[in-house]
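What follows is a group of structures, each given as structure tokens.
The two complexes that follow have subunit A in common; it is paired with subunit B in the first and with subunit C in the second.
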Partner chain A sequence: MIHDFRYVRPERLDEVLDLLSDRGEKGCVFSGGTDLFVDIRAGMTTPDYVVDLKGIESLHHLSFDKKEGLSIGACVTVNELIQHEAVKKHYSILAIAGRELASHQIRNRATVVGNVVTASPCGDMASPLLCLDAEAVILSNKGSRNILLSDFVTGVKSTTLRPDELVEKIIVPSRMIDATGGYKKLKRIRGHDLGVVSVALLKRKDTLRFAISSAAPTPVLLPDFPPSASVEEVQAAAQQAISPIDDVRCSREYRAFMVNVFIERLMKGAE
Partner chain B sequence: MVRITVRVNGKEYTREVVESRTLLHFLREDLSLTGTKEGCGAGECGACTVILDGQAVNSCLILAAETDGSTIETIEGEAKNGKLSRMQEAFHNHHAVQCGFCTPGMIMTIKDLLRRKPKPSRDEIIDGIEGNFCRCTGYEQIIEAVLDVTGQLGKKEGLRHVR
Partner chain C sequence: MLPVNLEKRKDSGMFGDLRSGETRVIGKRTPRVDSIAKLTGEAIFVSDMAFAGMLFAQVKKSPHARARILRIDTRKAEALPGVRAILTGDELDYRVGLYMVDKYILAKGEVRHYGEAVAAVAADTTAIARQAVDLIHVEYEKLPPVLHPLDAIREDAPLVHPQLGNYDYIDTAFSPIPGTNICNHTKLRKGDIETAFKRSEWILEREYTNPSVQHVPMETHVAIVSWKHDDQVTIWSSAQSPFTLRNLFCMAFKLSHRKVRVIVPYVGGGFGGKAGIHIEPLVACLSRKAGGRPVKFTATREEEFSLLPCRSALTYRVKTGVSSDGKIIGQKMTMYWDSGAYADYAVNVTRASGYSAAGPYEIPNSWVDAYTIYTNKPFGTAYRGFGHVEFFWGIERHMDLVAHAIGMDSLDFRKKNALRPGSVTLTGEKIEEHTGNVLTCLKAAEKAVGYGRLTAGEKKREQRSGMKIGKAVVALHKAPAMPPFTATGVILKMNEDATVTANLSLTEIGQGTYTALAQIIAEHLRFPLHRIKISQETDTDRDPYDWQTVASKGLLLTGNAALLAAQDLLRKSYELASQILRAQPVDLDHDKDKVFILHNPEASVTFREMAVGYAFPDGRSIGGPLIGIGSYIAQGLTHLDKETGQGLPALDWTYGAHGIIVEVDEHTGEYNILKVASVFDVGKVINPDAVRGQAIGGMLQGLGTAICEGYIYDQEGHLLNPSFTDNKIPTARDLPLEVESMVVETPQLDGPYGARGVGEHSMIAVAAALGNAIQQACGAELTHMPIRFEDVWRSLGKKEPIDNWITKSPFGSCKSAPEIRKNRPVQ
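Showing the complex of A and B:
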């Protein structure tokens, strides 16, 4: 690495919270490291120390309960999520979207929570989790708070997380287990790539819910539609809600156009 | 500095390492195992793929310090007593190696894929190597090598017969 830092691997959660409370702004917590070490190498972040969370047993928990819903600990990798039987059965949209995240090697390390906390506009986990009304459980020395992911992400790589806080887990409510859905992602090459634009659709008995990534500073959750909604109606609402930009990967116009294409494909069940 | 002990290709190593050193640089510079390559250094090209505790990973995005107590497999563990592994042999037979830079990572990815899916379909192979870039072969020879090593290639298919 170009930048030098200390490596800390606590084994207890309270050690992490004490560390963050004392000098949280100087360090970075990580589990997979697939975003952090790219940023450090590029000189975009220069922490004095990094805190490896993988030594904390409780953060590896991935569990499903018909009452509590799905609980995804901070160290649960994307591959662990998408291979989990309850996820495939009850939250298929997460398995479909997770499969689109980077490559097998990255998915073996990258965590679901990390993908959300990084808060990149093109993260693959945020939009399906927004559709599912997922909440983050946030800990600090002062206690804990729960926050809907739609309130948690505030801008490009920015969230409401304070330097003394840690996202312990993400909870997906059990009322969503009847939902089906899909996820369409535009990328420049077959195989792994950052999303140029992507759309998630969650279908429930009485509602259709869409979330769009890489088309605004944060993932955008559209208001709920009835199942009878027309493609044009959803497309019009989507175009109102997004504010895509031109960048190295694609033009603003192309992003807006592909949002409409993906909405139509998702609603018609097309490939 | 932090002291770590790892088992690489069956051999145990204990070393003091700089805390910010990646697993990739540890393997190459501290252990002189230079088979594993650095391409992009950002988890995109897969040239640095090794198998860490049974999982294919990008060694450029992992700190050596994180791997204390781990078992690591690299390309150097493939050939035994001067004899290529079956996968290496298949790469050779099918001209799946041109410049060779992606080959160590590619072979480690495929080794992991075949442990999970002993007989992957062509599409599963393509999906399986999505995290490994090859800029020479156009992938076709690599896919044929995997099909061959898993007994799925007809007699006149692939490049084996033109050798």
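Showing the complex of A and C:
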């Protein structure tokens, strides 16, 4: 059962920003809808206005440039991302993690930006993007600001995004194009499950960088390690940084344990 | 009835093919008759249907597990434009129930489970109905719920149904205990259990548990009902059993059966969850209150989890006495079935599991107490396997644990104790050669997985992965659970072009029986398969009676009725042809097109000429439409003695076995299922593709139960995983790397062409196979399913189990060692 709302599909970005500015908390933006409509149906959110972004061409842009890096527009779907040649070549960790997100059908709709803005502790895109020093480019009709994703997500389903603001795109810096990495995710079935707990590793010439999801209110980025770091060292830092809970998906104890297992597997695989 | 000399001509005449080894259609791979309509979306389900003036219903549900309803204020909802009918329990004084008449259509006075319906609305649109439901204000006084069956049988437990002693119930089969939460106690006593334990070398006792799970049919429960003048009621429902639905409906409302019509078009899966009567009475009352306008209710997926019933949870305690040479001589089995708030099918699950509780093994001295216990949770109903998936988790885990404890290979232990010709079942039935062969099944599964050793490839795989490979073989059996007088009918109508349309009331819920029935009819008539149509929609006004579509009994019972109808159609064709050809029926034979004189085949008359009556050249006519009628009723079954459980409950026993290969990470508890090989003694394969489909589908559904499924409650009885977000079912990606399905064919003497049912069996005992193989690989000793990676890890680390508290056994769980008593030292 869908709560009544007004559906608007502007063709220009400034219309979106004006709408958001006028409607404030009663409006929300929509592209894939894979979180939004689940929440509306469950009565968890009751917007008066749903602003469909898909009419705005620029938000569909997914581009790579050796200088600017990777730019992921708000309407770029997860499948578009993971099938993109530059992503496969230069940011393989995004492709690896993206393939773990839900099912192929959901990935056809779900957007990369949406997965980050939803700010679920178990989102699959956040931890690899954190490792990559990704930034959100945020617009409002008052101007724009850039913010590191590590500063953007502030808690369970909460971000620094104001009601009048829109994440236009996420930028992944070009300095990360030499990075390799991996993503390990604990699931209850082999298909389309949420991450019960997951770990991303980004490996560069001089650093190892880990991010952990579903083990704290937000995805957790660990401080950088030198390539010579031992598994135990990383595990100890990870255990310091996370604060997993018991829930119907898993116990705190096993989450913490599997974080260590995944760290070890990623490091051995990365050697 | 038959001319005696007809018997002599076994290879010709109207019964020519019945026992012959050569078949034309039977046993051949046959595409499903309903596949294209379903794949293309042409098939119409109730979910697709709409009628002019139709209203849409929504239900107000209880947020509490147990609470007194103090008042319900519907005024705001009534004032909402577009609302056409509002109902609360106060105005509905009807109780419904399959075996125990214990459920009001809407809760009256008290709610008994989370998600129970307390009020309902019919409105012009679903949106208005939902809004109206939100405007209904219910004031509750929360009461302490009773949630675990073992708590519910304590003396001081609150009673879920204080009026239990006043309820109507089927007293030939069930024994409620008024003044308690026990709505049925099934007893079985065979031999002398105490002496057997005294004589036993070993005595092992252990408890096994599993939670409730949801059926998850693709099409949720949905019904459209129109209650017109003079109490003429038409029900379109996604239901398994149109006649039982009609019968229960008529009993609840005290209506004549002729006034109520149930129509079931294509059904999007049932798995037992649509076997009885569920939402139809409520939708009917809304239609009546709305002046007879058709009202439609479509359950949401979330409503499937708590408004509608689930599979019962089970706590199963088994105590086994074994002789020094590994023969089971006594076994005491106690089942605590968690019925939830209403008895529905759970009482009969209890009864059917009680008489089958030991698995396919001979237990000379046995004692079963199987209790169905009311608790304040969503209620349990039939689910593929009808109790056997649940208790086979226990019994087949137990067989392995006993074998380990006494130092015997578990497969040898199974073979030693398996039922074989001459064995006597728990209820006193003697096993014959033709009953089926569980040993052959075990051996086939053993071979398919290379039980007892690792191949070179498997050893290499272990080295490469660092994981440990384990193998297990388990056995299973099941007979249909049904009244001894279960009956069915089939009507075959010959069309003008000598095609045949079959009317029957077994429903096609995905199991493939319609294809098999078409094959049986085609085979016997000697017609090509494409000339047979099984009418897809069932309609109680048009079609002959069938008790229910449950229990894996459809192929045998309806198959026999179809054979009888085909015989009748041929008999009538021969009678007519004998007049036309001036020959006795005994001198006639037929092929796909015509009836002819045996020794003068040129003297013939076509079915086409006779189909709707034969007209001689001068216009005079004889015959009339050719219609074959077949009625069949289960043969030779009896009620069970209520004190001893002795009697003949089994139409047929389908035996089977699963072999499994699994690899386990001893460090983390993660595992991969490398292979499952399943084998069933199906008597005779009618359609190899259907058998394979059932074997694989059921196996994966069984694995779902084994690896991830289960209801989780908090301590107040709220369902914590009431949707797909946290109530997962497997997908195709969870299939084992390799799947093999095999059959054994020991013909069932009274089965059509020797066939017996296999719809549920593939799901049974898969979970135990997985548990046994995991233990074999890494030593994790699990007694609760599902087996999540974490459970294996906890078991290996001897950590406290984290089973959700409600299903966690108070007597021990995966960390505990079996209770072993040794009477005498081994010589």
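Note that the second predicted complex is superposed on the first by the 268 of 271 C-alpha atoms of A that agree within 3 Å, B and C clash if a C-alpha of one lies under 4 Å from a C-alpha of the other, contacts with A are read in each partner's own complex, and residues count from 1 in each chain.
The rule is simple: contacts are C-beta pairs under 8 Å (C-beta built on N, C-alpha and C of every residue); 3 or more make two chains touch, one makes a residue touch a chain.
A quick note: this is a predicted structure, and the numbers were derived from the prediction, not measured.
Colleague: After lining up the shared chain so the two structures overlap, which partner does A:V261 touch, if you call subunit B first and subunit C second: first, second, both or neither?
Modeller: So A:V261 only meets subunit C here.
Colleague: Once the shared chain is lined up, is A:V248 touching subunit B (first), subunit C (second), both, or neither of them?
Modeller: In the superposition, A:V248 contacts subunit C only.
Colleague: I'd like to know which partner A:H60 touches here: subunit B for first, subunit C for second, both or neither.
Modeller: neither
Colleague: With both complexes overlaid on chain A, does A:A102 touch subunit B (first), subunit C (second), both or neither?
Modeller: first
Colleague: Touch check for A:G191: first (subunit B), second (subunit C), both, or neither?
Modeller: Touch partners of A:G191: subunit B and subunit C.
Colleague: Of the two partner chains, subunit B (first) and subunit C (second), which one does A:D4 touch, if any: first, second, both, or neither?
Modeller: both
Colleague: Of the two partners subunit B and subunit C, which one touches more residues belonging to subunit A?
Modeller: B
Colleague: For A:R204, decide between first (touching subunit B), second (touching subunit C), both and neither.
Modeller: Once the two structures are laid over each other on A, A:R204 reaches no partner at all.
Colleague: Show me the subunit A residues, by the header's touch rule, that subunit B contacts in one structure and subunit C contacts in the other.
Modeller: 1, 4, 190-192
Colleague: Quick check on the complex: what are the subunit A residues that touch subunit C?
Modeller: 1-2, 4, 186, 188-194, 246, 248-251, 253-254, 257-258, 261
Colleague: Residues of subunit C touching subunit A in their complex?
Modeller: These residues of subunit C touch subunit A: 58, 126-127, 130, 300, 667-668, 707-708, 712, 720-721, 725-726, 728-734, 788-790, 793-794, 799, 802, 804.
Colleague: Note which residues of subunit A are touching subunit B in the complex, please.
Modeller: My answer: residues 1, 3-7, 9, 32-34, 37-38, 40-42, 50, 52, 54, 102-106, 108-109, 190-192.
Colleague: Which bits of subunit B are touching subunit A when the two form their complex?
Modeller: Contact set of subunit B toward subunit A: 2, 18-22, 41-44, 46, 49, 55-58, 60-63, 65-66, 109, 112-113, 126-132.
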